[in-house]
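There are two complexes below, and they share chain A, which is joined by chain B in the first and by chain C in the second.
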Partner chain A sequence: MKKTIYIITIFAFLFLVIFPLLTMVVSSFFKNGNFTLEHYLYVLNKGTLFLLLKSIGLAFAVALIATLIGGFFAFTLTKTNLPMKNIFKLIFLIPLFISPYIIAVSWVDFFIMFGNGKLFIYSPFGVIFILSLIFSPLSMIIISSSLANLSARFEEAGLMMTTNFKIITKIVLPLIKPAIISSFILVFVLSISEFSVPAFLSVNVFTTEIFTQFSAFYNYDLAVANSIVLIFICVSLLLAERYYLADAPFLSMSLKSHKVKLIELKRSKYFLIFIHFSYLSLSVIIPVLVLSIQSFQGNEAIFGKAFSLLSVNIINSVFYSFTGAIFLLFFGFVFAYISEREKIKSINLVLLITFGIPSTVLGIGLIKFFNTPILNFIYSGYWIIVIGYLGRFIFIAEKLISNTIKQIPLSFEESAKLMGASFFLRIKKVLFPLISDGLFGAFLISFIFCLGELGTTILVYPPGTSVMPIKVYTIMANAPQSLTSAMSLIVLLITLIALIFLFTGHKILTKQKWSLD
Partner chain B sequence: MKNIKQILLIIVLIMSAWNCSEKSSNEVVVYTTVDQIFSDPILKDFEQETGIKIKALFDTEETKSTGVLNRLIAEKDNPQCDVFWSGDPVRAIILKNKGITIPYNSPAASDIDDNFKDKEFHWIGFSARARVLIYNTNLLKSEDVPNSIFDLIKEKYKGQVAIANPLFGTTSFHFASWFSSLNDETAKQLLTDLKTNKILIATSNGDVKKRVVQGEIACGLTDTDDAFVAKNEGAPVDYVFLDQDDLGNLIIPNTLSLIKESPNSENGKKLIDYLLSRETEAKLAISCAQMPLHKGVQVPVSIPSLDNILPMKIDYNLTAKKLEEIQTFLKSWIEEN
Partner chain C sequence: MAIVSLQNISKSFGKTPIINNISLDIEEGKFTCLLGSSGSGKTTILRLIAGLEKSDSGKILLNGKLVNEKNKILLPSSKREIGFIFQDLALWPHLTVYENIAFGLNIKKEENVTIKISAILDFFGLEEHRNKYPNQLSGGQQQLVAIARSLVLKPKMLLMDEPLANLDVKLKTKIRNHIKNLIDQFPITIIYVTHDHYEAFKLADEIIVINNGKIEDTGSPEDIQKSENTFVKEFIEI
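For the complex of A and B:
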């Protein structure tokens, strides 16, 4: 039975995501029906290599800054008794709920409003600045989960011998090193594949080159060849990480099975609160304030108009994202189980490749594969959007779940097996209760990512329907700024409301007090 | 477990029903690159007047309005779309060259000038926009406003002019029109001089408009609808048509194409006839200052008219071909410092 589930899930994934991508990759090796490496050799020209190096440099800087910022706040919000830390944690996540493009627009408008900083924002430094603000919350989640999982006994033992500073540098940092490196790699991969922010700030990078090949030259094969180079870099990083870290967790959600040792802050807490407020101003308050100011520059009915434009899309968006998150949870769990319990690690590489493929390539691949008379029932309905979500985010869902599974000793399941429990019973009675928090976290993050997905959805969404991010973007051209800003704020609000519903639902189902630890 | 199974079953049933619920035989599918804020009300009027359900798909500025075209090309072997409503002739010509459209000579376009139609009727033009120079009235006095594209290379406008990325949209066609109406050498020299004069390359026409409105830059080349909307919103801007003494100003009609082997081609033809009507042109004139191509359409006085503008004399098909030839040059022009 177990193997049947594996086989069905793997074949479903191959059919839904891998085959469409393969059709694109295979065609990049052919020109006029003949095998060629021409498209790949093109990448070796000086200009393209320069763009590639530039992208690597930018992504490296973003990954470093985001990990430092995320790491710092993960530490203060997990390991200290800072007042209001749960509120800070929630607000810090907001940049993840707003589209990077909208954040870039509001930052440019901010600099224009103040008449200064134009040269900075329209430069690679501007790209690094904005992407670091966007991805720092992700680093914070990854590192704080790892910190929360540190058992207090390590630090308590250290405290008997030495100072807090030495404990941090000699005990805590080495123990959370896997999470720090994982955060760096994930942010690097996300930054190097980001298109909308550098394009808006007129900074030419490798992804803008891929976009140009797609959209100005309609040279799909060359665009795919370029994408493969990008994926090669990401896969190399993952392999290097695996070699270096062996089996350490990549991403993890916390399991509260032990006490977390907190550092008692005295006077320094006022200074730290000031730092937290200052950073919140940068990452959240300024973009949201700019959007609010722009919204209120319109007439008082602007929010009503913005809401009426979005209203028909709200249910669609939430429903598709919810469905997408369920699918991601199912596929993510099965793949994570195969990877962790059956030790078939190569599955991670396949998932990373799907993650590294640009959203446009995935979109075109899905059209070419599913837009046939036989599969039209999938292509012409909303299923194609859900498949797009699956291809885009399965890597993240699987990683989140596999690290939760990794933390549960195999012996628990083996004991149940000795007692005669079937595979399903072991999963239901032993594994699920222990990883339910992790599964919920994976579901939540998948839901948020699905809700904001644009790149693939724009290419496959059925005519006559729409989802919230697409509506905001299609209205954006030539609509008053106040209208698009109001729509962005409403999307943010709806995302927050949906999250509150999900948290409440989780609380009722598990009858637990929910916290952000 | 039993409950979970039941919930999952209900979800699957609802999803399947949702997937199939919106199918209708009396419908028409239209893909458009025209801004949703202008095209959607017209499409809704069609739906109301004919009872034919419209399924529309719009493009985004973030993808430089290329999403719809990419999708039409990818869907070539099993078309889902009936009508392609483009904001410019270039995309319609690309689709014709890729064998994605079929001829349809709509009777509603009988009095539209042949220059605005494909010779084989793969596309028909209507409601035109023009490329204009939008300028910030706080930064440029009316006597200092450039009159010609060649004025933009003068020292006094150094670093003061913006254009959108010429690899995309109407700006790409504008550049190709210089190559097509001047000669290659003159056009290349013009571009070199513009670069020397530190012309700013913005991400889109909307971005050009925004930078001029915000006073970040004195003037820029954009489309009439962008300039008209900015002016209507009370921004300190105005716009002029360039080269009215000699070269003429580029006119860009909307175009309509019928997709080959489309699922609802008869309804597609009805939609094309509707969009080509005088009434539609009048509505587009009011909403976004588009100039009617039918003679005698009543429009407000503030809307520019083709009767008062010297148009650039170009062949749209040849200019689109020219664009293909110069794209690599344009890419390197953008990339050079």
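For the complex of A and C:
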């Protein structure tokens, strides 16, 4: 029975996500049934190459800035005795859960309100600025998880011989180097794949070009050839760091860490608190504040109008995201179980590669595969959106669950097995109660990510299934900025409510009499 | 007849050989210790007997019945009537002492569950702890709960994988003697894995010394202490 579930789940995933992508890759080498590289010649034109270089440069800048900022805060929040550091740690993560386009809209509002910055925000520098704000928390998580797992003994041994500064440069930095490199690569891949922020800021990059070629000019061949180039860049970078990234130890609801050696801050702590508050303002307070002001400015009715315009999309979004999160939870659990308990680690690599596929590229793959008479029943309904969510976020869901399963000794299940408990009973009575907080976290984080998905959804959504991000994106060009802001604020509030559920629910689930220790 | 018989068993994990063509018989009703250093393969032997691992070659017979063959488990773990005490004890942290012990009885749909649990709790002196969670018990009490959880199912054989490894020396001696006295009152075959030769000499009727997946020597504690085998001599001198 256990093997039947494994096989059905793996085949379902292959059919729904992997085959569409493979079909797209293979078809790009054929024209009228004959092998050709003709489509790739389109990529070699000056304009496309320029866009590619622009995207690479932009992603490089974001990766560098985010890793520097994330690394700095990872250090201060993990390795020092900074007051309120747990609160900072929690709030700094918020931008990671807010849909990138909402942060883009709020900063557009900010520059509109303060006049002369419009040129800046509607430029590649604006994109770099916003993406750096969005991805810095990711770098922070990766680097701080590495720092938290660094045993205090390494530094204490060093302290017998040298100074604190030397210990940081000669012991700590070399030991966390893999995390720093992984953070850089992951942010680079996510930035070069990012569609919504450049699209909202009208900055033409490689992903927006793919979207334009596909949806505006119906130039499928060029869109696919461009997509393959992007897949090649992303996947080869991820593969270079596969040993660290495929395992993704940083994607966890409750990381076990060593005893960390803390640096005692003296007078510098006041300056550091100021820096942390300033960053908090940039990443969370200003976006929320500005969106709120802009939404209600001049006309109180605008918020009501935004709500009525969005109401159907809210229902759609919540319903599809809920369905998507359930699917992600199921597939994520089965894959995590196969990876952790059956020790089939190759599954992590497949999921990592899927994660590296840019959202617009996934969208094109799904359209090409499902837009056929036989599979049209999937393509014409909301299931195609759910499949998009599955392809986009399965890596995150699987990692969150597998890092929770990893903390439960296999012997817990084996002793139940020896007593005669079936596979289902072992899962139900032993494993599920022990990983309930991880499952809950994976479900809600998946739900939040699905709520904000734009790149794939905007390509695949059939008529009548428009979701919140699409509505905001499409209305933006023809509506006053305050309406776009009000809509973004509503989306933001829904995300924040889901986040509150996440934190309170997680607290309730982890507050029990028993403990794993 | 031997209750457990391993015939030409080999087992590798990846390319690393763990058990190398081992054959051994374990007598019914005896306390047998598998003695060896870390990584010698003794835990793997225990897991093979329990049906938690498949062997690469050879056969395993329980009471004369073939239960494992090359890459095949012919009799599932749950039907082997074996109790297993894991090194980490594997007490389910979300279940109370009572619920931990009731788990197996409920699966086997046994009658008078409450009476049976009360009896075993009473026997092990754990009655007052029945509603506690494992993390609310001392290390010694946790050992007793793990043993009670296995014995309540009346297994024919109890496999113990270094159950005292995580205790300090003083507590280890105390618990070891206590366990020995308690288990002596159950008619059961015990296979006990340890790297501590003092523990093996104290507890065992029969000792099997294992090194690099091979048997170096077998015999009573007295026989092993007099062994002429170079490895055994060095190992028990440490």
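The rule we apply is simple: the second predicted complex is superposed on the first by the 272 of 517 C-alpha atoms of A that agree within 3 Å, B and C clash if a C-alpha of one lies under 4 Å from a C-alpha of the other, contacts with A are read in each partner's own complex, and residues count from 1 in each chain.
What we mean here is this: contacts are C-beta pairs under 8 Å (C-beta built on N, C-alpha and C of every residue); 3 or more make two chains touch, one makes a residue touch a chain.
Note that this is a predicted model, so its numbers are computed, not measured.
Of the two partner chains placed around the shared chain by superposition, chain C is the only one that A:L434 touches, whereas chain B remains out of contact. By the touch criterion stated above, A:F412 is placed in contact with chain C alone, chain B being left untouched.
In the overlay built on the shared chain, the residue A:A421 is in contact with chain C alone; chain B does not reach it. The partner of chain A that touches more of its residues, comparing chain B with chain C, is B.
By the document's definition of touching, neither partner reaches A:V229: not chain B, not chain C.
In the superposed model, A:L265 makes contact with neither chain B nor chain C.
Of the two partner chains, chain B is the only one that A:L454 touches; chain C does not reach it. Of the two partner chains placed by superposition, only chain B is touched by A:K118; chain C is not.
Looking at the complex, you find that chain A touches chain B at residues 47, 101, 112, 118, 196, 199-200, 202, 204, 212, 214-218, 319, 323, 326, 360, 364, 367-368, 371-373, 376-377, 379-383, 428, 454, 458-459, 461-465, 470, 473-481. The touching residues of chain B, when paired with chain A in their complex, are 1, 11, 15, 18-20, 22, 27, 29-31, 35-38, 53-67, 69-71, 73-75, 77-78, 80-81, 94, 167-168, 172, 201-203, 206-207, 210, 214, 216, 225-226, 229, 233, 288, 327, 331, 334-335.
Residue ranges on chain A touching chain C, taken from their complex, read 409, 411-412, 414-421, 425, 429-430, 433-434, 512-517.
Within the complex formed with chain A, the chain C residues making contact are 50, 52, 77-80, 82-84, 86-88, 90, 92-95, 103-104, 107-108, 133-136, 149, 153.
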